[in-house]
Amino acid sequence: MNWRISNILAGAIASVALALAHGPAAAQGSYKDPGISDTQIKLGGSYPFSGPGSAYGAVHDGAKAYFDLVNSRGGINGRKIEFTVLDDAYQPSKVVANVRQLVEQDKVFALFNIGGTAHNLAVADYVLRNKIPHLYLNTGAIVFAKDRQKFPWTLIGIPAYATESAAFAAYIKQERPNAKVAVLYQNDPFGQDLLQPFERAAKHENLRIVAIEPYNASEPSVDSQISKLARSGADVFVSFTIPKFAAQAIRKAAELNWKPMQLLTSVSASADLVLKPAGLAASQGIISTAFLKDPSDPASANDPAVKEYTAALKQFVPNANPADPLRARGYALAQVMVKALEGMKAPTREGLMQSAMSMDAEVPMLLPGIRIQTSPTDALPMKALYMERFEGERWVIMGKPLSPSPQ
Amino acid sequence: MSLLRLEQLSSGYRNADILRNVSMEIGAHECVAVLGANGAGKTTLLRTISGLLRPSRGVIEYRGSRLPEAPHRIAALGVAHVPEGRGTIAGLTVEENLRVGAYTQRSRTQVEADLAQCYERFPILDEYRHRPATYLSGGEQQMLALSRALMARPTLLLLDEPSFGLAPKIVHLVYEAIRRVIAEGHLAVLLVEQSAELAMSAASRAYVLKHGEVVGAGSREELRGSPGLSDAYLGTTGYHA
Amino acid sequence: MLEGLLQVVIDGCASGAIYAAVALALALVYKSSGIVNFAQGEMGMFCTFITWWLNQQGLGLAAAIAAGLAIAFLVGAMVERLFIRPVASYGEFPAVLTTLGLFLVFNELAPWLWGPENRAFPSLFGNGVLAIGAARVSAESVGILVVMVAVGSLFFLVMHKTKLGLGMRAAAANATSSSLSGVPAPRMFMLGWGFATALATLAGVLIAPRLFLDASLMLGVIVYALAAAALGGFTSLAGAVVGGLVIGIVETLASNYVEFIGSDLKILVPLTVLLVVLIFRPTGLFGKSAERAV
Amino acid sequence: MMNVRPDALRWLLTAALTAMALSGAAGLGSFYLGQITVAAAYCIAIVGLNIVVGVTGQVSLAQGAFFAIGAYATAILRVRYGLSFPVALLATGVVTSLIGFVAGLPALRLRGHYLAIVTLGLSVAVVPVANRWSSLTGGGAGLNLGQVRVPPWIGLSPEQYLYVWGVMLAAAAVVIASRVARSPLGIAMSAVRDNEIAAMGMGVDVRWVKTGAFAASAFFGGVGGGVFALSVGFVAPENFLPTLSLLLLVGVVIGGSGSVPGSILGALFVQFVPDYAAALDKHLAGVFFGAAIIVFIRFMPEGPLAALAALYSTGHRLFFKRRST
């Protein structure tokens, strides 16, 4: 085809696209920072609604349900929450673009509940440069809590993965001091973030790890990894997996007649998504940690917080299954966020950070005894968690909340 | 009554007609050649008749009624087209190619008999019957293509340059077979060829195409009698069969 | 050590059975329409969801599977008619890229309709475990292999011993020539897509109990299945099954006994095997060269 | 038209187009600058892929891998070796074209689907290899490139500076590839695409043309990846899933296979249509994007430029005169 004509056309279309890209600039009120007014607070989020991590999109349902509930009750001091979310397909580069869009186009006041370790690391520089509160991340990477110089505007939402790892190591030490430990982990930031502190904690507790097997989330099955771990002769099996692979692992271990003590990360500690599909018989006695109330547990059906959660989800996100613990997590973190917004002394981004970094509060959807505690030098909002054991068809909380120090 | 009648037929690709206002008639059991230089529209003519191209204007009448649109429906009415380049079906064996030719035939015993006849006509096909058809030489593939068409027991056989790319000896062999088929008298043949001499060794009369239009027609004798015609429009003298 | 090896080989066969199941569907659609359908796995996944949903609605498992396969056949045929046929004449790229578009559509439609979470899928073969010496294998894995070999053989017979199969192969290899011989090529393509989608759904129904059903059911399998189908030569149904098993076994062996590869790089094993085989046999183990004589 | 003018015209148009795009740097916020810089990165990679797929006719599903290798190479050269980014980009291009040359070797034996699947293998390898080689790549946690340093006399923000670089590199890629496609080498490439045996008969060394095409496409792919890494400021394995190669192929076909300027449109499609799709319904973004691909291919199989040109020529015929030949 004629180069000249095609160039003109390409140029014309490209310039139309450029023109489309120019958006109107939002007006700013009398407030110092954008995204907040007498009647409104704009929050921005980014979730994987598509792509390989799309199961995590469910977290958004819970958050949305709680914000809608708060708005239906009149908002926070008369300010309604507008929660703008974009799809990032679980790609860090998309999170970067989304955050730029949320801050520059949508003029959000703060970022809330973005998931994934690499994904949040990717935007950390940007939020620091632009001084945007980057709160209650849906990741437990301890680096955000430790390196406050680099991440002063960032705060994780869930217990540090390292906290869970330390709890696991301590539990193994207590139950089986001479254990031979086998670990299965997902070969991405999620799994690596759980594995690395666990290795440190195991060293600290003098535990012997005899086998570590990675799996790629893009592959169909972990059967051959479990087979390999079973042959290592381990008598403790730690599973840092997402639900589908957690269920595969439990079932394959049973098929191989391998009966180690099993510890399963709380991400996959779901009766409905993991243990029932894997088979209840094979799931008895599995250990995990908990910080959230379990909406699928019949025993908690009368808990007012769970009742409110179930009703809110039904009202505002009608098709969502409330049993998914990720939805409960989103709901709980939205409760924390609302507390932080309520505690603002000044309606500014700095005011929000100050509120978030000096909190001592109970949150209804969290298990009793787990408080949100932060201070300017302490960026681990949830330090405690419970050990729990799967018995019959439900999780049973064991003992008191633990606060192991993350390694 | 004519078997095939074309009236003011135009056809081609996209919005450019290659054939323009072509009219011709072919009677049952006769062999008619279509002569013309490269690009005269000969192949377009055959492709339009067999339904691979849709005419932009004009009428194709076969046994007194219009042809359906889809090529396989036209084939089911007894029109067999040996396409340019032989149309060997890759990945199938020689025998499977022949059986595809008999796809419209219902009687199993008759198909087996026709198969035997093909093998008798071209023993080389018998020898290679279980080989992939693409392993055959060009001439063998032409014999296969002709046989595949005959397996359909056609009433009208369309042949597109059966001599193309073949050594003179092989051309001779192929044309001998074509003449034998015509002599058997069961079908009519529309034969496209660049070489007038070659085509007229089988055909009894011919149409001459130039730039997509019929510029001449006549019997074997008439064409022979006007050497100007073949020189002017055909250009080549071609093979002696 | 030897017991370990037996278990490793058996695990490899179990994975291989899964790859083979999907590879068979890929080979069938290639054989009957000449297109590598990137959406094959996703269409199978989608129809597996339909089967699951029918089962949830109270239909018995066997009836749900039968209905699911019938729906899959229709879905496949419709997709060919509505989306593939219009672009088929443009050449190969547009058709293949259209299957890529379909891939995205089906991949996202399923979680939108049924939710993103994984779920159990009832097994046709129960939860039994067979012991072979000291090695153990689930009845399901054996069942997958047996059913796929049986179905593969059935399709082989249909494709090679019936007139319909001859027509389908001919249409795929040379649509023009075939239709000039009276083969209704468009209908053959529709049938081919229908059969292949039903076969992919059968593969989905068989593997979903092992892998658990979610929208990514086939995502992990499709690369292996493509490699298996290519290893087998694309047009060969037996080749697809053999290719799947070879890949499953070699992959599991390598991840167990080659320190460097381990479980994280094992996905590279089938692709390397494929590359090496193709360098010596550019049309796969069982593929027939269509380009010998020009 | 005379001999000199079209060339001059081309340069003029390219310059005007580039100037128009560059003027955007003044008015756009950093979000859009980033978006368009990423689109420019895709454009560079799609131009490269077009050389292999459109011009030489070889199926490659490895372009996403070259893009990833380029992104990582640039990131590593910047972070670990502190190279300035233009130098890093150039080194990246050299590295990836060497890898591309090797990756092109299978094309000497394989064709069609077999080549597609083998090249897909390279794309599948990216994520696990990046995770494995974490000492270099940062593993799953990724590598942070930080912002580029802008020479103070230029007076642009880092985003604007990268945007200008991205647009100019994309324009350069389009111009260079167009010239190559028209050069004797490009004609040899097209000959390989149309008929390998005939090309050999014409004295074309098919082996060099094929591997050379892969090397060239990898060069552009790598530079595109480098621009991507600089613009995003961060590289992590999840950015480079095997689907990226398919996405770039979508860019080639949507823009018009073989049409180098079409690559610009292909890149804009790949970069912006998913966002528009997600704006319609975030849970159905893939459905809309997939549907957009299907519709574009259905109605513009040779790309929008060819479709518009066909429309133009039809209109021209209708309005002016019906030529009778």
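The first chain written gets the first letter, and so on, giving A, B, C and D; residue counts start at 1 in each chain.
Note that a contact is a pair of C-beta atoms (placed from the backbone, for glycine too) under 8 Å apart; a residue touches a chain by one contact, two chains touch by 3 or more.
Values in this document were obtained by computation on a predicted structure and should not be read as measured data.
Student: Using the touch definition from the top, list the chains contacting both subunit B and subunit C.
Tutor: none
Student: So which has more C-beta pairs touching, A-D or A-C?
Tutor: Looking at contacts between chains, A-D has the larger number.
Student: Would you mind pulling out the distance in Å between where the CA atoms of subunit B average out and where those of subunit D do?
Tutor: So the centroids are 48 Å from each other.
Student: Using mean CA coordinates as chain centres, what's the gap between subunit A and subunit D in Å?
Tutor: For subunit A versus subunit D, the centre distance works out to 35 Å.
Student: Starting from the mean Cα coordinates of subunit A and subunit B, work out the distance between those two points in Å.
Tutor: 72
Student: For subunit D, which residues are shared contacts with two or more other chains?
Tutor: 128, 131, 242, 283, 285-286
Student: If I count partner chains per residue in subunit C, which residues reach a count of at least 2?
Tutor: 108, 111, 264, 267
Student: Which subunit B residues reach two or more other chains?
Tutor: Answer for subunit B, listing residues that touch two or more other chains: there are none.
Student: Please list each pair of chains that are touching.
Tutor: Those chain pairs which touch are A-C, A-D, B-C, C-D.
Student: Under the definition above, what is the set of subunit A residues touching subunit D in their complex?
Tutor: Residues in contact with subunit D: 1-11, 13-15, 17-18, 21-23, 49-52, 57, 85-87, 90-93, 96-97, 100-101, 103-105, 116-119, 121-122, 124-126, 141, 143, 187-193, 214, 216, 218.
Student: Quick check: in the complex, which residue numbers of subunit A touch subunit C?
Tutor: Residues in contact with subunit C: 50, 52, 54-55, 57-58, 187, 213-216, 218-221, 223-225, 227-228, 231, 243-244, 247-248, 255-257, 273, 276-277, 279, 319-321, 324.
Student: Inside the complex, what are the residues of subunit D that reach subunit A?
Tutor: Subunit D residues touching subunit A: 6, 9-10, 13-14, 16-17, 20-21, 24, 27-32, 34-36, 38, 127-128, 131, 139-142, 144, 146-147, 178, 182, 228, 232-234, 236-239, 241-242, 256, 259, 261-262, 264-265, 268, 272, 278, 282-283, 285-286, 304-306, 308-309, 312.
Student: Over in the complex, which subunit C residues touch subunit A? Could you list them?
Tutor: 4, 7-8, 11-12, 14-15, 18, 108, 111, 115-120, 127, 129, 136-138, 207, 210-212, 214-216, 219-221, 224, 251-252, 255-256, 262-264, 266-267
Student: Which part of subunit B faces subunit C closely enough to touch in the complex?
Tutor: Subunit B residues touching subunit C: 50-52, 70-72, 75-76, 80-81, 83, 87-92, 96, 99-101, 103-104, 132, 134-138, 141, 148-149, 151-152.
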